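You will see chain A twice below: alongside chain B first, and alongside chain C after that.
Then we have the complex of A and B:
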């Protein structure tokens, strides 16, 4: 039998003696999602195409809830809307028992419009307007105050409504093994946080019931959560003993790492990322130490990317091949950084959607934009691809379908696949009309 | 191809796709089709004739374009300093 044809290739052995050709573990293709063939989806919905697995969404959130349930009598997850606020994705999380965690008036109204009850919504963020706070207090949303001017505004709004809403404050911390995110909330170690608590309790126009922190994002170190939980719990006890206000909820925000690999990371994320169990264990031990026998508050987490990244893939089609000046093979695909901004953070795992034979060699994936920044994946060992082949970019469920830009071309369809193999569009592709609908021509032109 | 193929003719090519350039001491690896293409070019065949040989020896479909691929291979050889 004849061997399969592939384009002839010669690669010089580098001085380090590393052979850059051949004997690389074969890249496993990903040809279906929950039993549905990717080719079938692309034929039905076009390329590029975002595909979300309902099954993976549910599996991830159930795994985290399971870990929390084993260690905490009272806990909640708040689905971080900004991570992915497509209504179908939010609905899956709400069906699994998640609250909504919103950070703007728009996200707040989106959650309410989806039928989420006000008490099931957590309202974070540094930019709440009087109108946002009025709506939030009327609907009994859990508001977390970010700064002193917002505190004053919240007190005024509450007074105007004639109510004393229960609120929380966002607290930032420095003494952690992660970069300090002190631009959000009241700083703990410098005393700003206790000052804010005193002000709330003394004025009596709001009730202080919860503490909120979000120590950063993609934190690969569970011990940072132990330390954050410990400091927050100690702070809660300080508030209780000094001010007599009982803190019933500690919300530690999001930030667990997903299975992606950061550009600067050495080990691939699928090996390096801690499990939910490790994070939850760290939080439990920090809380226990800080409580020192006191009653355990309700724990809230707002885990975003770690819940949704794995559930989303972006399918793209090969448009062409070329060889670059530095000899790398370049593949041009029809999905670019305009719809995949996380390509700037991650070395995304790229897989062929069909069996491909041939010799792997250093390959760069470019998007379709006429822009130098449009690199989907730099330098990955990949076998040769042909025009029309599909590739699957994995772990793209978080932040892309919220942060994507309508830039140079329309945004594509987003579909969901059900555990039974049904599939449907959850966000329609834009068309030129979508774009033109928003524009207006001044009369004088 | 002629003056260049003398340079190619001096290359040692093993059955496992290992290439040794006695002029520089550099070593290279070629894939299966690269082995055949290199043999053909060493024998002085034109890129078009080389592409025909590849189509005969390997199972390919109508979507492949061996002529373009061999032209690219010749450029790769040049990149590797094996052709002037």
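Then we have the complex of A and C:
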């Protein structure tokens, strides 16, 4: 029988250097975090393993606070709990002076349980129940109303408690150079927002003090913030002149891009993402234009991923290699999209954790799931890996440890490394017992 | 006496209410003789008087009557309880009894002497207050003279109601038999026992005062030995001596901070008063008037008015009003240590956020000669560079366009605008200061903000600014190669006037791992500094709203102390309990403890260390140094020794404490460490009714104290 023709695998040898498009970034290994060797961490805590750098967390938030502090007399950062609500991570942000920004009853209760004072919590989110609102008003949480039915509910709850809480309204905008996020809050241009403001002020059952606008997520264009700040400030002045209610806080939500690279993005995030100073400068100029000499309100930002993404890495271990039909090299690692859902959005930066010799070739990283969608990184030039080698997936601090799912395996350990090189678990790996603890067997089976 | 605590715990307490008021009314006038408010000192003076039992009865009657007269005249309850008029009546009565021992009716004497001295007391006080001078014993001298002069016109047999008739100018009571007659003569009596008791009263009131009285007496003796060596001791010398004692005590211990220089001044003044006594005696003898304490009053007024002509308040330094010299000294030392010598106007940094000091005083570029006290500030990126990108565009520079703020309250005096920014690297030497603003903070005190962006200056001459008002934007005009802010303080108004030294208040120096708070400092070249960023939640948590009742409760259940927040006329907040009181000042950037008078059994004493200073800053961590008055923390008896030690070795009076602050969810934790003290305060940020925890370790013993609003804690317990 004649053997079937198989085309040869041809790998072009090239020195790290330049091609016609520019320099080829050589893949540098990342063998330690803040002076702690990754191999040491994996031996101590197992693989896969999320590692957070306390130093990077603090550096990022201090950089943003520093930029805000030079321009604004009064500002606050709200730590976006949904981005990462591990208690240790939250504590770092609270120590650095951040408020808690929560979007659900559970997050609200988590913040309160951690000891955060009610006045230091901002409650956003589109689905607040009567119980959530009762708790929030009792604890004097800053509530941002999302829609008319919620407004009615908030009025009822406040009346029941016999208080007139100060609230804000969420405002969405269309006239911005970003995809419109009109599902959160009252729409500005169509007049829904001013209607809501009128209703709050005229009914007198709530007090209107702040405006909240979240213009989107991963916005690489600072000018969008300038325009949003301008529109919000003008809206605040409209409320003040028409209704006599003084808006003391303008909350521009989050959405600053992190150093990750979106799948559709051409330039790598490390180069394309604007710096905090560019965002803050844009906001400052928008506010100044809108205020036109009026007193500057307190500015609140709820930046999430841009603060935490850089601080988290996921360490995984190579389980095997294979060649795909198109001759691409495929590497199977022990961390998949079950614990790294952001792989669906980002081309994560993947690095070896040790020096590796060999020719880089196009490589795809698959996770351990028995599913086609379990792709950690689609195509990256990578030198050959052996079973047991470690790889480090970078910029994974945001959303993964809140959106991860428990699918065919337990969630792994999460550790934090201190600036002095100490390290400790901040969330224990789940075990089979964790899984079984919640399950119950009905009597008839 | 015991006071019942709110939670059923019985506390030892001071005598409350009516009983205490009666004691104050009766004993304070005696204490005032030695310039004290201390009731123990008053009791000792009374005892000295009581060595002649008849005198005790008469003077007590006079003091009580003075209180009634004061009250009837509507001079106020405070005047009654402070005993100043009572003291005048007491001295008048004593003088009348001493100088006219064979006078007429006692009742008439007490009545006329008391009413006259109270009236004159009120009158002189009004008059001298306008001159900002003390009247001291002038009402007593005048009242005594008045009665004396009037009595000469009265019939020698004026019946039962003639007060005084015969006077001796140098009564036998003032003829010295022993050294102890000199202190006794303060009360116009003689004898060893009264002398010892008066000295004891002085000692109880103030060790420094006691020492000063000695300085006065020795000066008087020395002068006598020099000026009248051949004459026998007479009542005149006794009068000279007690006047010298009073003068030295008041000059060295009341009006000036007790220090070697004020001791010297006290001795000089005492000598002066001796001369005045010798000078007045023959003159007044012609009028048949006794000298009494007039030389003392004349001398003090002369010293105080002369001191007003001094160009600098130094050597000795004037003291703020205090109960006793020890307090004045402690307060002065702590003020210098804690708020600096230049605290006359605490400037704030003229910008927001963290900036880099690129040129300090006596800098290598332009801060030389008359302009040596200048500072240059510029912004830096997280990587420590002055610009982003290549730095070819002005907008690449971190500080370009950032707000520049007024360093203090004042009026805009001068604005220069319209000078173009230089391109990076270029310099405009023709218009050295570029666009600039000058703010006047008072006569001959100006701050200058130079090299601003053209057309960015938002103020015009005559505008009133408060600390932090935006003046303009940081630019690159004038003699500036890269965008930066030049700041200086000068006497003159014109740009280019010579500079003078200054300090900033509440500077956060961002060097090393944990930033340091400098409460009064000059930023050094090469450091990163920022002003305090006010954290409202900390300010609210530490708010001491007047009228609030605060409960301090020791955790192991032994002690509960109720204190109330009160505000005095100067805006100082006092936390007062039956056991003591602590003074605080709250301002934009924080809370500062100013003073403490608390007994050893008071829980308020633990607040001294814990709340000595609380910056309302947003930083995650912060460190600062403070130096408290050791006196505040010492038990009563060691305090006596410490008082004397502090005069000669001021360093000893300070207790250096290092503080560090850190945060966690909903709380701020402050730790303080001193030599044998340490404390940790957990300040809860969850609203106005939250209670705070205080852990103090002293001599190996830990005290755990909960501090909260009294009403809130009570209702919590009920729930």
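Going forward, the second predicted complex is superposed on the first by the 421 of 445 C-alpha atoms of A that agree within 3 Å, B and C clash if a C-alpha of one lies under 4 Å from a C-alpha of the other, contacts with A are read in each partner's own complex, and residues count from 1 in each chain.
Throughout what follows, contacts are C-beta pairs under 8 Å (C-beta built on N, C-alpha and C of every residue); 3 or more make two chains touch, one makes a residue touch a chain.
These numbers come from a predicted model, not from an experiment.
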Would you sort A:320 into first (chain B), second (chain C), both or neither based on which partner it touches?
neither
Determine, under the contact definition given at the top, whether A:66 touches first (chain B), second (chain C), both, or neither.
second
First (chain B), second (chain C), both or neither: which does A:97 touch?
second
A:277 in the overlay: touching chain B, chain C, both, or neither? Say first, second, both or neither.
second
Go through the superposed model and pick first if A:35 touches only chain B, second if only chain C, both, or neither.
neither
Partner chain in contact with A:358 - chain B first, chain C second, else both or neither:
first
Is A:116 contacted by the first partner chain B, the second partner chain C, both or neither?
second
Output check: A:6 vs chain B and chain C. Expected answer is one of first, second, both, neither. What do you get?
first
Winner on chain A touched-residue count between chain B and chain C: chain C
So which positions on chain A get touched by both chain B and chain C?
none
Under the stated contact criterion, what part of chain B meets chain A in this complex?
17, 19, 26-34, 36-38, 54-55, 57-60, 63-64, 66, 69-70, 72-73, 75-77, 79-80, 82
Touching residues on chain A, where the partner in the complex is chain B:
1-13, 19, 21-22, 323, 327, 358-359, 386-388
Residue numbers of chain A touching chain C in their complex, please.
58-59, 63, 65-73, 90-91, 94-97, 111, 114-120, 140, 275, 277, 419
Can you tell me which positions in chain C touch chain A when the two form their complex?
351-355, 379, 381-382, 388, 398-399, 402-403, 468, 513, 530, 533, 535, 537, 618-621, 662-667, 684-687, 690
